[in-house]
Amino acid sequence: MSEEIRIGVYVCHCGLNIAGVVNVKEVVEYAKTLPNVVVAKDYVFMCSAPGQAMIKEDIKEHKLNRVVVAACSPAMHEPTFRGVLGDAGLNPYLFEMANIREHCSWVHPDDKEAATEKAKELVRMAVAKARLLEPLEKIKSAVRPAVLVIGGGVAGLRATLDLVERGFDVYLVEKRSVLGGNAVKLGELAYTTLTGKDVVNSLVEKIKANPKAHIFLNSEVEKVDGSIGDFRVTVTRRLGEGKEEKIELNVGAIIVAIGYDPYEPAIGEYGYKTTDKVVTLFQLMDILSEEGPTKGELLIGGIRPKSLAFILCVGSLSTTPNAKPYCSRMCCSASLKTILKIKEKYPDIDVYVFYKDMRTYGKEEDLYWKAIENEVKFIRFDEAPSVKPRDKFVEVEAFDTTIQERIAIPVDAVVLANGMVPATDTEKIRIMLKIGCGADGFLKEAHLKLRPVEALTDGIFLAGVATGPKNIIESIASGSAAAAKAATIVTKEEIEVEPLIARVNEDMCSGCGICAALCPYEAITIEVKEDGKRISKVNSMLCKGCGTCAAACPSGAMQQSGFKDNQVMAQVVATFRGE
Amino acid sequence: MSEKPKIALYWCASCGGCEEAVLDLAEKVLDLVNAVDIVFWPVAVDFKIEDVEKLPDKSITASLINGGIRLTEHEKVVKLLRQKSQYVIAYGACSAWGGIPGLANLYKREELLSRAYFEVPTVVNEEKVLPRTYKDEELGIEVEVPEVLPRLLPLDRVIEVDYYVPGCPPTPDVTWNAIQALLSGNLPPKGSVIGASSKALCDECPLNETKPDKLLIKEFKRITEFTPDPEKCLLAQGLPCLGPVTRGGCGALCIKANMPCTGCFGMLDNVSDYGAKALSFLASILDVEDEKEVERQVKEKIADLVGRLYRYTLPSSKLGGKVFKR
Amino acid sequence: MKPVVVVGGGIAGIQAALDLADQGVKVYLVEKSPSIGGRMAQLDKTFPTLDCSSCILTPKMVAVDRHENIELLTYAEVKEVVGEPGNFKVKILKKPRYVDVDKCTGCGQCVMKCPVKVPNEFNLGMDMRKAIYIPFPQAVPLKATIDPEHCLYFTKGVCRVCERFCPPKAINFNQKPEEIELNVAAIIVATGFSLDDARKRGEYGYGKYPNVYTNLEFERLLSSTGPTKGEIVRRSDGRHPKKIAFIQCVCSRDELTNKYCSAICCMASTKEAILAKEHLPDVECTIFFMDVRAFGKGYQEFFERAKQEFGVRFVRARPAKIEEDPKTRNLIVYYEDTETSRFTKEEFDMVVLAVALRPILPESLVKSGLIQPDNYGFADVPEMYIEPVRASKPGIFVIGVLQSPKDIPDSVIQAGAAAMRAAIYAISG
Amino acid sequence: MAEFKPKIVVFACNWCTYAALDLAGTSRMKYPANFRVIKVMCSGRVDPQFVLEAFKQGADGVIVAGCHPGDCHYVNGNMKTLRRMTMLKKMLEEMGIEKERFRLEWISAAEATKWVQVANEMVEQVKALGPLKPRLEVKE
């Protein structure tokens, strides 16, 4: 038989904030009449040290097993009073708060009688719920002190280096045979003589020197099970001659840094691939790189162009039917940076930039000023320019919105500033990790503003262009940021999760599957038991406790701890009457 | 010789199907008759109320009552049976929750009487006579005609009910399980449902395993729109099958006939309002984010929400029926 | 393990502190004003999701307050830093609040009783606060502070009304400044920005014409906790505007003031125009811009929605000047529409200027050479390609707008990056 | 006859509407004392059974309130609320409960003013309709 319910009710004056409107003594006397209430008291500041001490003493003296505090909003002091219960040796979840300040005294100052009546009812509702509360334990799970990084581009490398320097084992899985991703082809970077390759090398050298780093090249993640703190990962490594090996890893967190693909223009889009005089910006940066096909010499279609046209927003801003609707962020600055490097080496070259919006944001505006100083000519378009290959040159034609005229400029070569598209693996990774992606096809962060490197699934973090276009500096910063998030997990021996989550009563569950379809966190799965019967299972590490599954569960088998049907229903009933 | 347990059977507002259901036990009826003494069963045996009145209190082991409480007479008889019985069993959907006759609670008593006695095309009642108690001059007696109650009530709103046997009607297996439980005395806590499953129909539905990983639908469908694939969960095909919210134990008879469950086994132990819960799960899986579209689908595909979702349980619902302005 | 100091309690500082503290590193978060929250607390909603700014920020502020590894030093400033990476000595001055924070419950009785009214800096001086005040309803810590420059007791030696009415007796006029010295492994600086002085662009009449606003002022007008409780009304006559002009690049991309782009204004103005439309469905909003810098995730889509769904008008022009009609106090904007090469003027009844962001560099760190300003005055990041948040001196990190103009997500990312790098010093310290 | 003081039950999500009510308090806004708020973590937790129970117990009105679409703390719990409550509204109408007695509202944590407006409006509307309890024929 269950123990006798013994409730203590504590009504706070909050100075005059409550007591100035609500007749606190009357509320206390009323609370004493409620079933199971064995003690009811008031105090000027219940959250103060003496107030807390009073509750602790009463818990011991009156053998209280439920506590109700009628005071301010639980948003403020629920954790405080839960702590009080814990200190007194009572389960912190046997606590309920009645908000008689924000929801009562402060908003009904002119009607003291109504406010007092309401305060009594709020206490009655809290007591009704408290009576049905159950002790809950935070859910704990051991954490594996290692991290999986998927993708060896700059973001993945930065994350790996940070975490190994921080003292954790990192498994870096890269699909290709080399590390560095797209950055190695970027040539010389803006404001420096460093190349993308230099950046990659400096990171890789330090990583390779650290015994905590475990690099898997030619490898892909095949399967991921488990959840935050304890992911079980299967990696397949290609060994050549069609042979493969499987590697099993066990990590506490995962960083996804799968990068992007440069937008590949369609054949004929701005003359692409119909003449060797049209190249993409990525191809041009490769040409200009010391290790490129021309050892850094500017040669396009076999000749050294005397004039160049850059067309921006190729593949972006819906400029052509194939183009993506979003902005690729880095192409304006990357184009201008490249132009300035070319101008340094070949001052006589004429450069025309066809653009829609010049997006050299922040300090990169500097590149725009410098380009103007270097007599780069800018032509603004609304409608994408057309590129017409002629015998010896290429003609770029566009309607210049500034002078309101259609102009045609003959140039020796055309550079298409192509944007970024989600890496081909994005979809596969997304499904495997059960993380979302947005309409743009990039991985979706938990919150665009404040949780930009976290996936919706706990324990999985996102770095670099995997979530959307970024320049190299931003990608590197996001690698460190994702590493910091991963470190917050793997630094702990155990992680704790709030217990106000969904739980299923298996004796009542028919495995109908309604709950599983609704869960935004993929925390519910339908398991098939030995007898072939289906049953719902909640992964308590994934559940965030919204309770939408409980509201939908047609058999009442799914309940949310702390907000069970009978608990909420008791509050509803108590709104209107006592027991 | 030890006395056999005494059993009473009675019907209130019901279609008679529950009476048939007892006979559907087939040869097992003979086992039943051998095992018990039937002391009252107006439809089959010629005992009168007076015979019951003469029995000592609590002398009947169990009374199986079907049908909802619609008339003052029902009220009177069930109270008598309560007094004379150890166990009262609400047998069948109508008795347990009001059943199909309970849908009358969407109308006022006056509307119902007017419809039944004046408006139905086959009725000829020029003098607008309504059933009432009157004095038969020839016989010289008062002819007592029971009164229609303002609302139909489930049995447990009138007398205490010990156990419930669900179904419209209860299937032979469910009936036999219940009777066996009663006779063996191996009974769950008072107020329980006996004879059926403790889980929803999906648990025993042969199509449960065909459900997709994400049971979401873009549109409700009407059964008249298409022939459902008999190998695939009907809900997943867009039919608002009520299997998930309905107690199992029927053997998924409708599903086997390629028809969606309409809910005649009622709600499960943790549910207090069948229709609300049915609504909640159906709305949940309708993967539509536009309010207008939800409204359209309800209007065009479900039409009569209360009739559909409270087909067997309206009088036992939280509101009990339609709320009329005074 | 050694602690880390985070200087600045805006969103970047808050996030850095949380990311460190969650790694088990002890953090001192130093904020010069009475509450953390920074600029983000002043915003109504954020682009492109239109999330309510305080709703998403407040939980983080509360988390900072409750974190066992974070010690919050509000109303405090860093005075001096010496030392080397892994071992910095930081002197912090805690200004007196004249309120005992252990006793103060934030009930606000004192504020109600205080007789002195002072321009409210949280609402950019558009309304008044008291000499004892809580900066905004969600302030963390939710404690009162006496502003000695205006308090009657400090200026004239009389009053002490707050003391009389304070229920828990928390007022203490005898509090003295307190100096704290910390030994820390690393320092993260996130001191943020202020707007440049819009008067530098005198042709737009800010400070002269009452109905010309800065975008931050407009943000407070939109907010339900602002001076007008979320009503968009004109300073001159309290009437709802019918036509609002938003002018971009005021003191940005400008040879005379700041050559750089302030990065956030295009989207901020787009958002403000949308919110204005939500507040006043009939209002016409025009944005005068040079290039629409919708470069972040979801920004271009947001810009398209503003045009198509909300009917915000975009004009590619940098207005030449604004004149006021002295009778109506309406504003006549002179501009050349560069897409039609037409010179024209147009009358508006409210103008909102998107003013450039200026970094706030902490003097103490600049003086000691730990942070070097770049040629624009932002904190320099010499190793930007390898360590994008490291200042001139290793062990010192500069994040947020202090380092370059940026939006909230980029500031949050930098905060995480700095927390990661600082944690490495902390564990080896 | 005593003045009719309607009682209205509010199911509010923790993150937006409950916070908006708190803000109304800290901002010392005034609204009628007719509301009793029951907190749930997400409006998606509101089981239609709760709403019916409230009416059964004698609520003259019920408000279910949560974050604006797109703002849900739990990704899209409020969209499930939208579906459920849209259907419930229709069913309540079939059951004779006037639509003015049941509202679904999106009130963000900053919209204390909106809450006050909704509260005033709701009280007025429900007062005009009169009490619901005497119409119910449910026996306990």
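First chain written, first letter: the chains are A, B, C and D, and each begins at residue 1.
Everything below uses one rule, namely that a residue touches a chain if its C-beta (ideal position, glycine included) is under 8 Å from a C-beta of that chain, and two chains touch if they have at least 3 such contacts.
These figures come from a predicted structure and were not determined experimentally.
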item: Chain pair showing more contacts of the two, A-D and C-D; value: A-D
item: Separation of mean Cα positions, chain D and chain B [Å, integer]; value: 33
item: Distance from chain D to chain C - Cα centre to Cα centre, in angstrom; value: 36
item: Length of the line joining the C-alpha centres of chain A and chain C, rounded to whole Å; value: 24
item: Residue numbers of chain D (touch at least two other chains); value: 19, 26, 47-49, 53, 76, 80, 84
item: Junction residues of chain C - those touching two or more other chains; value: 49, 51
item: In chain B, residues with contacts to at least two other chains; value: 271-272, 277, 280, 284
item: Graph class of chain-chain contacts, one of line, ring, star, complete, other; value: other
item: Interchain contacts (touch definition) - all pairs; value: A-B, A-C, A-D, B-D, C-D
item: Parts of chain D lying in touch with chain A, wherever the complex brings them together; value: 7, 9, 18-19, 21-22, 24-26, 28-31, 33, 36-42, 44-50, 53-54, 57-59, 73-77, 80, 84
item: Chain A-facing residues of chain B, complex; value: 198-203, 208-209, 211, 213-216, 243-245, 248, 268-272, 277-278, 280-281, 284-285
item: Residues of chain A touching chain C in the complex; value: 14-17, 44-45, 47-48, 75-76, 79, 162, 165-167, 189, 191-192, 194, 199, 202-203, 317, 325-327, 329, 357-366, 369, 401-404, 438-440, 442, 447-453, 467-469, 472-474, 476-485, 487-488, 491-492
item: Of chain A, residues touching chain B in the complex; value: 505, 507-514, 516-518, 526, 528, 532-534, 548, 551-557, 559, 565, 569
item: Complex contact set, residues of chain B against chain D; value: 106, 150-151, 153, 157, 271-273, 275-277, 279-280, 282-284, 286, 288-289, 291, 294-295, 298, 304-306, 309, 317-326
